[in-house]
Amino acid sequence: MVATTTGAAAEHRRPGPRGGTERRGRVRRFLDRYWYAYALVLPVVVVVGGLVILPLAQGVFFTFTNINEGNIANPVLGREADYDVVGLANYLNVLSGDPAYGSFWGVLLRTLVWSGICVAFHYGIGLGLALLLNRPMRFRTLYRILLILPWAVPAFVSAFAWRYLFNADYGLINWLLGSVGLPTPVWLGQSPVAMVAVIIVNVWLGVPFMMVALLGGLQSIPGDLYEAAEIDGATPWQRFTQITLPGLRPVSSTVILLGVIWTFNMFPVIYLITGQNPHTRILITYAFERFFSGATRDYAIASTYGVLILSVLLVFAGVYLRALRSQEAD
Amino acid sequence: MDVTSLQTSGRAGPSGGRRPAPPRSGHRGRRSPAASFGLHAALVVASLIAVFPVFWVLVTSFKPDSRAIEASPSLINESSLDNYARILAGEKGDFLAWFGNSLLIAGLTTVLAVMLAASTGYAVSRFNFPGGRGLLFFFLVVQMFPFAVLIVPLYNLLLSLGLQGSAGGLVLVYCTTAVPFCTYMLKGYFDGIPREIDEAGRMDGLSPFGVFWRLMLPLARPGLAVTGFYAFITAWGEVAFASAFLSAADQSKTLAVGLQVFVQQNRTEWGHLAAASILVAIPAAVVFYLVQRFLVSGLAAGSVKG
Amino acid sequence: MAGVSYVKASRVYPGNPPVRAVDQLDLEVNDGEFLVLVGPSGSGKSTALRMLAGLEDVDEGAIHIGGNDVTHTPPKGRDIAMVFQSYALYPHMTVGENMGFALKLRRVPKETIKAKVAEAAKMLDLTPYLDRKPKALSGGQRQRVAMGRAIVREPAVFLMDEPLSNLDAKLRVETRANIAALQARLGTTTIYVTHDQVEAQTMGHRVAVLKDGLLQQCDTPRNLYERPANSFVAGFIGSPAMNLKTVALTSEGAVLDGLTVPLPRSVVAGHDAKTITFGVRPESLRLTGGDEVGMKLTVDLVEELGADAYVYGSVDIGGTAERFIVRTDGRTPPSIGSTVNVTLRDDNEVHLFHPESGARLETTKAPTA
Amino acid sequence: MAGVSYVKASRVYPGNPPVRAVDQLDLEVNDGEFLVLVGPSGSGKSTALRMLAGLEDVDEGAIHIGGNDVTHTPPKGRDIAMVFQSYALYPHMTVGENMGFALKLRRVPKETIKAKVAEAAKMLDLTPYLDRKPKALSGGQRQRVAMGRAIVREPAVFLMDEPLSNLDAKLRVETRANIAALQARLGTTTIYVTHDQVEAQTMGHRVAVLKDGLLQQCDTPRNLYERPANSFVAGFIGSPAMNLKTVALTSEGAVLDGLTVPLPRSVVAGHDAKTITFGVRPESLRLTGGDEVGMKLTVDLVEELGADAYVYGSVDIGGTAERFIVRTDGRTPPSIGSTVNVTLRDDNEVHLFHPESGARLETTKAPTA
Amino acid sequence: GGSGGSDDQDGPVVFWDTSGPGESAVFRDLAEGCAASGGFEVAVEQVAFDQALNNFKNAAQGGQGPDVLRAEVAWVAQLAHNGLIQDLAGTGLDDQGDFLATPWSSTQFDGATYAVPQVTDTLALLYNRELLDEAGVEPPTSWEELLDIAPDLGGDSAFFVNNDGYYALPFIYSAGGDLLDVENQTIVVNSDEAVAGLGTARALLDEGAARTAQDPGNSYGNMKAAFASGEVAMIVDGPWAVADLLDGAAFQDPENLGVAPLPGPADGDGNGPVGGHDYVIRQGSERTDDAVSLIECMSGVEAQTTVAVELGLLPTRESVYEDPEVAEHPVVSAFSAAVERAHPRPWIAEGNELFDPLKIGYADVLAGNLSPAEAAEQVATAYQDTVVPDYTIG
């Protein structure tokens, strides 16, 4: 699934054809052969495994209980856990789409729209800028620095900046729009416009990464392919569709997958800019609301959302990777 | 699909060493004035959009809080350096301590995440060991789970490890988010370094660790710079974990947490916030400036026929 | 099909100082001719070819194809096909799609494309691979696909930039014969760039030798071999290279160790310098019995190639050890370390050049083409 | 310095089916010998070399260096140096650092390293480049640095895997002579992999020919050329390749078009098949006047190489056109399209092989080494 | 975090101060003074108000965190409910003494005392004297009156409606409505009175008597900016805003800032919500004794007097109001009347959670997305779904 480019040339070593009498020897040779590799990955496995697997497992367990802040065990207070295992009740509740559990399907749809639009713009604008930047010209380095800048600014700073700019009455954006006679919407109000606003901000934030990745991809397309196509009579547009896009495919497929995953779980932008606004609520922000607000924080429902998010993304990744592979095969 | 083919730096290494795209356009290397104007116009507009919010934060940072929200925006309105002076003087909390903490935590995260990612990336790139692919897939899955939902289990875990409240615990948490992506990136870089280089090193008497340390790391320097940047930015601007996991004492806050004080429910000190934000953005910008040339340029070739 | 001519065409890369990659090139290629451009690395071969293809600006002069001035025509308007050193196959297209791409862009009907591709594939033994992607092919097969892509278009001119240099030695020898045969069959004007002088000598009707962007000589392979226009061409053409030494000139001729080569009066008389550059090919030297006059050659190395052997050795000339290569029979090579006597097979088989300008000094008795 | 031996060593790549890249290799390399491993692409040459280097597992059998079993010793314990096809120079180190790196790892004192590097650099004409990074060197210079890195260590064995294949033709010829001379001077046991049979023939004391992981023959270049052990070796060694044809066998000998080659009774008698594989090198054929007996060769292509020319043409044998290559004098080649008469120079210069097994059928009159 | 878990008796008592940067210095000095006189050390840690509740819960859940927290009045019940703060019975702090009844009520949960009031506050009508004088009008005493005088004040520059949920309460309360009826376990936010209150707010906008900012994130800031620059004549806000407002162009002369009671009936339960902050001690703190004495000192008369005088925040002790300096303090005196009549809020665990749905509904009303009745209905449903599932919708 996550293929490696290591390929067949790797040091693929396998124990020789020896009898079962040498089982111990085989283990030893296995270790002899791989202990370097395992020693190198051990720290990561310990850190990531420990800090991810354990909480994750705990999170998955929570989804089958009615755990919340009030009934979780608290050794410090000498309080025993008294939550119950409720089976699939959380999943059933959430998947029923009941507003009491966050109107799952509607929010899922909004999340998909949000991810789709954001990634489409990230990719489209990133590709456009990468194509422009890939040409030799004056000030290229300067443009590059300026265009990557949004990536370098801490996200919470950008979020405040945008909230400030989007101010409906005193914000610079509406002031500019107003001064050229355009309508001045309430960007961050309780309307679908707020979604537009957060998409704008997220696109602004995410384009630099795409641009840089695609710029690297463009530079890895051999120049003589373009020359060959030019001699074959391809117009610039045909060169773009026939050489550039296929040439970018390895990079594109990766950044799009990562982009979707990251955007799907992009929580700070929405939360810092619009707070709890039902028009910008996506799965992750709702999970966060359930986790952190409420007199007794509802760990069970929040974890259920977490597991559902994970499942949606796994399904997406599976379908996506399969589609890619079948496309590659023909 | 090949997750590892992602290299923000482009094809690293000599293996992809075909000639890069030559100048292409209307007539060989020359552009008509109109095309040239269009190109620059597009880039200028894009750059303005990219820079403007940050620029406006800068403008605001010179205004007093009470002038930050104005009926008609102006570049200068009672502007002065007062906000900066007050922040740096510690009137608004021990800014310098926050700054130091952030530097420490982001720096540690960068170093640790890059080391972890590099060693893993190297192992996955060079040793076809059982479980290597599984590890990469696991990394992909790790990025899918919304960690905001795990703050409490993580908190308890850190507590039981005795790491709660310390910078070390936070660094580890940041590493779990930065390492997967950094590993992908570095694996890509390592894949781009010809295997013959390792083999030459082993013939010259290096152990596999020696190859990693003395050959792979120096050769993947651009990759290390880029992943370091990523790890740094991840840690530098993070709020949620930092405010939950660090002690609330001024001496142990990070910038991101400290700045929260300026934005409270019924009171936002825009001027001070802006000034502090600019101060926060400066180190990030410096780090960014140092690595930006690696972000797109490839690894210098030369080990094989060029 | 069409002839090609470069009319004082130059390409100057801006820079400090500007690089005159191709300098006032005047070259006429006849319709149906196979012309090889050869020269050391950086001599401007690729640049010259790319100027013709329209991939590179022509800064001065002009280029004509089939009588039309194409100096400012874009590549697609020039009716040329090009085979790249790296082949530049489109990695995401099958072999068949690669070969038919140019036709598809010209909206040739699908059926016609298919037929033409099939025909070219047959000619190149590629029929079984038409549905594969390039990465599933061997180097030799890829090379053939690149050729096929050019053939299918039936262009007026083929351009090839070192199309064989990515192949291994054996395949290279085979393929060069195939390309030459193919060109003979199709009769398409072809310009072929290589830095391998063996290819240059064996493949083309004429060979143009470039150095530092300047045309040194353009002639048939035989004439290049037998009457190189200057010492650069003499040293460049032929493998192993001609033995070229600058030696003292006396009234009796050129003085080598123990051997004075009489030179035609015409040469000696018109020559103004005290020394002369003297060239003799390895096969024009021979090992003699110990008693004949000749140079004393101390053998360093013998390369046996089956039928022949090359003897590498050094001769003391005026105090310095000068290296000589002698071709001899493969069956009775001298042993390493021994000293042998070397003499000219024929006093006429020498080439004389001006020691400074390098220009050929014509001997009246020179062999004629 | 030390001898090397492969004792029934095999390397099996897992897969379906497993690839026996090197199959039961038995090979003894003497101390100080220059052995060339040659074979077509994929024949297992690199694998064999890498097994010796310790970069590849030995799945069966053993490998000895200097009498010690090193089958399971890691590379660093084997006292060998290797020159890679891609040179594998460390791009971040200067030439001097590249060359001294192995010594530095062994904690040789700085002064000693410096002296040794300087010495090797002098030997290889690299002194002016010691402070440059590899990327600032030309291909030939990089190749020399790779050599220098190996030399500096003074290892027991040099391994070289196609070290010249990235150089251009001219440089390759020069460098191969230099490497051979260097090895002769240092006297270090050397194993050299190439797929270029010219290199194989000219460089080594002995040549081992591999095919599909199996050793075909290991002998001196001359013996390989003159008494190839089977039709594969016969076709592989020699350039252009030997003309090998399977023809009908009559009591009078092998029947070619208009030419019957009498074969020794010993061969014909012991032979069980109706046909025989008959081989003759291009230089063992000659063009004759139109009236002599011989095969009628229609000339397709003439490759002129200056001194010689190779005539490629086809002969009708039993209804099918068979391709033949004839070496002839470079000055009077036949013209393309003409028909010439070809005959053997000497009836003894033929090689006979079993048409199925390909094994050499010994002729009593065969030339001896 | 915090170092409160240490049983090292020489370690400091950790105090999480959630006040804004303008106020924190005063509280820090007070705390340090109290510690000095009490013979222990205190570490004052400033925590952003928005983060404090969650951070405290995270920490306390793990047995860590501050010994003393400055908790918003609505947090107390919630923390007590989850067992994260100490019942103060037996510490001497559970005695009401001269604490005002309304603030004191916020410290009670399940019949026990969990907190000690620090400051109290409520909303009042702030006005620009100059503008009202120019228009020749008095501060309105009812919303109808505001509608009447608005034209004199330039229409929508008369008043600014902040669309935050907390600021909807004056409209609801003044119309006789409420959010919950705790006694009957009923949700009453959709009652006719509450709907009418929301309608009043909407009507102000519809009639052109007021303006608003419809983006919740910027609404409060815009209101203050508009008022401080003199663009609008009146707003509703609490005492905490006064210091910032006085920085504004319109109030270079502090006298120009007028404070009047909220419009609405002069009898009844009061028109403004009671607010403020309490001190609580974390469950599991090992410095309870010192924490008690810290709180005792900081909520004492002397400390409250200092806070009132220096920051203009409203004391929670009756006696402090008698201090002449306090009584003369313009902000304190202006607000003290309002505080006395502040509308009590339901001191239930979910009290703090009532505002998120209300904020959304109220913003919808002001934006014209929903009618007041629809919005109220939606808020009621949200209350029942996620906030107080045990209640019935009235």
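The letters A, B, C, D and E name the chains in turn, as written, and every chain counts its residues from 1.
The definition used in the following text is that a contact is a pair of C-beta atoms (placed from the backbone, for glycine too) under 8 Å apart; a residue touches a chain by one contact, two chains touch by 3 or more.
The shown structure was predicted, so the numbers you read here are calculated from the model rather than taken from an experiment.
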item: Chain C reached from chain A - shortest hop count over touching chains; value: 1
item: Topological distance between chain A and chain E, in contact steps; value: 1
item: Neighbouring chains common to chain B and chain E, by label; value: A
item: Centroid comparison with chain D (C-alpha atoms), farthest chain; value: E
item: Chain pair that, of all pairs, has the most C-beta pairs in contact; value: A-B
item: Whole-Å gap separating chain C and chain D, where each centre is the average of the chain's CA atoms; value: 25
item: Mean-CA-position distance for chain B and chain A (Å); value: 16
item: CA centroid of chain D to CA centroid of chain E, Å; value: 92
item: Intercentroid distance (Cα basis), chain D paired with chain B, Å; value: 53
item: Numbers and ranges of chain C residues touching at least 2 other chains; value: 55, 74, 86
item: Touching two or more other chains - residue numbers and ranges from chain B; value: 18, 29, 69-71, 151-152, 207, 263, 270
item: Touching two or more other chains - residues of chain A; value: 11-12, 164, 167, 170-171, 222, 224, 227, 230, 297
item: For the chain E and chain B complex, residues of the former touching the latter; value: 1-3, 14, 16, 20-22, 43, 45-51, 54-55, 58, 61-64, 66, 220-222, 224-225, 228-229, 231, 238, 240-241, 244, 247-249
item: Chain E-facing residues of chain B, complex; value: 64-66, 69-71, 92-93, 151-152, 155-156, 159, 164-165, 243-250, 252, 257, 260-270, 272
item: Residues on chain C engaged by chain A in the complex (per definition of touch); value: 50, 53-55, 74-76, 80-82, 84, 86, 88, 90-92, 101-102, 105-106, 149, 153
item: Residues of chain B that touch chain D when the two form their complex; value: 14, 194, 196-197, 199-207, 210, 215, 218-219, 221, 300-306
item: Chain E - residues contacting chain A, complex; value: 54, 57, 61-63, 78, 81-84, 213-218, 221-222, 225-226, 283-284, 349-350, 352-353, 356, 359-360, 363-364, 367, 369, 381-382, 385-387
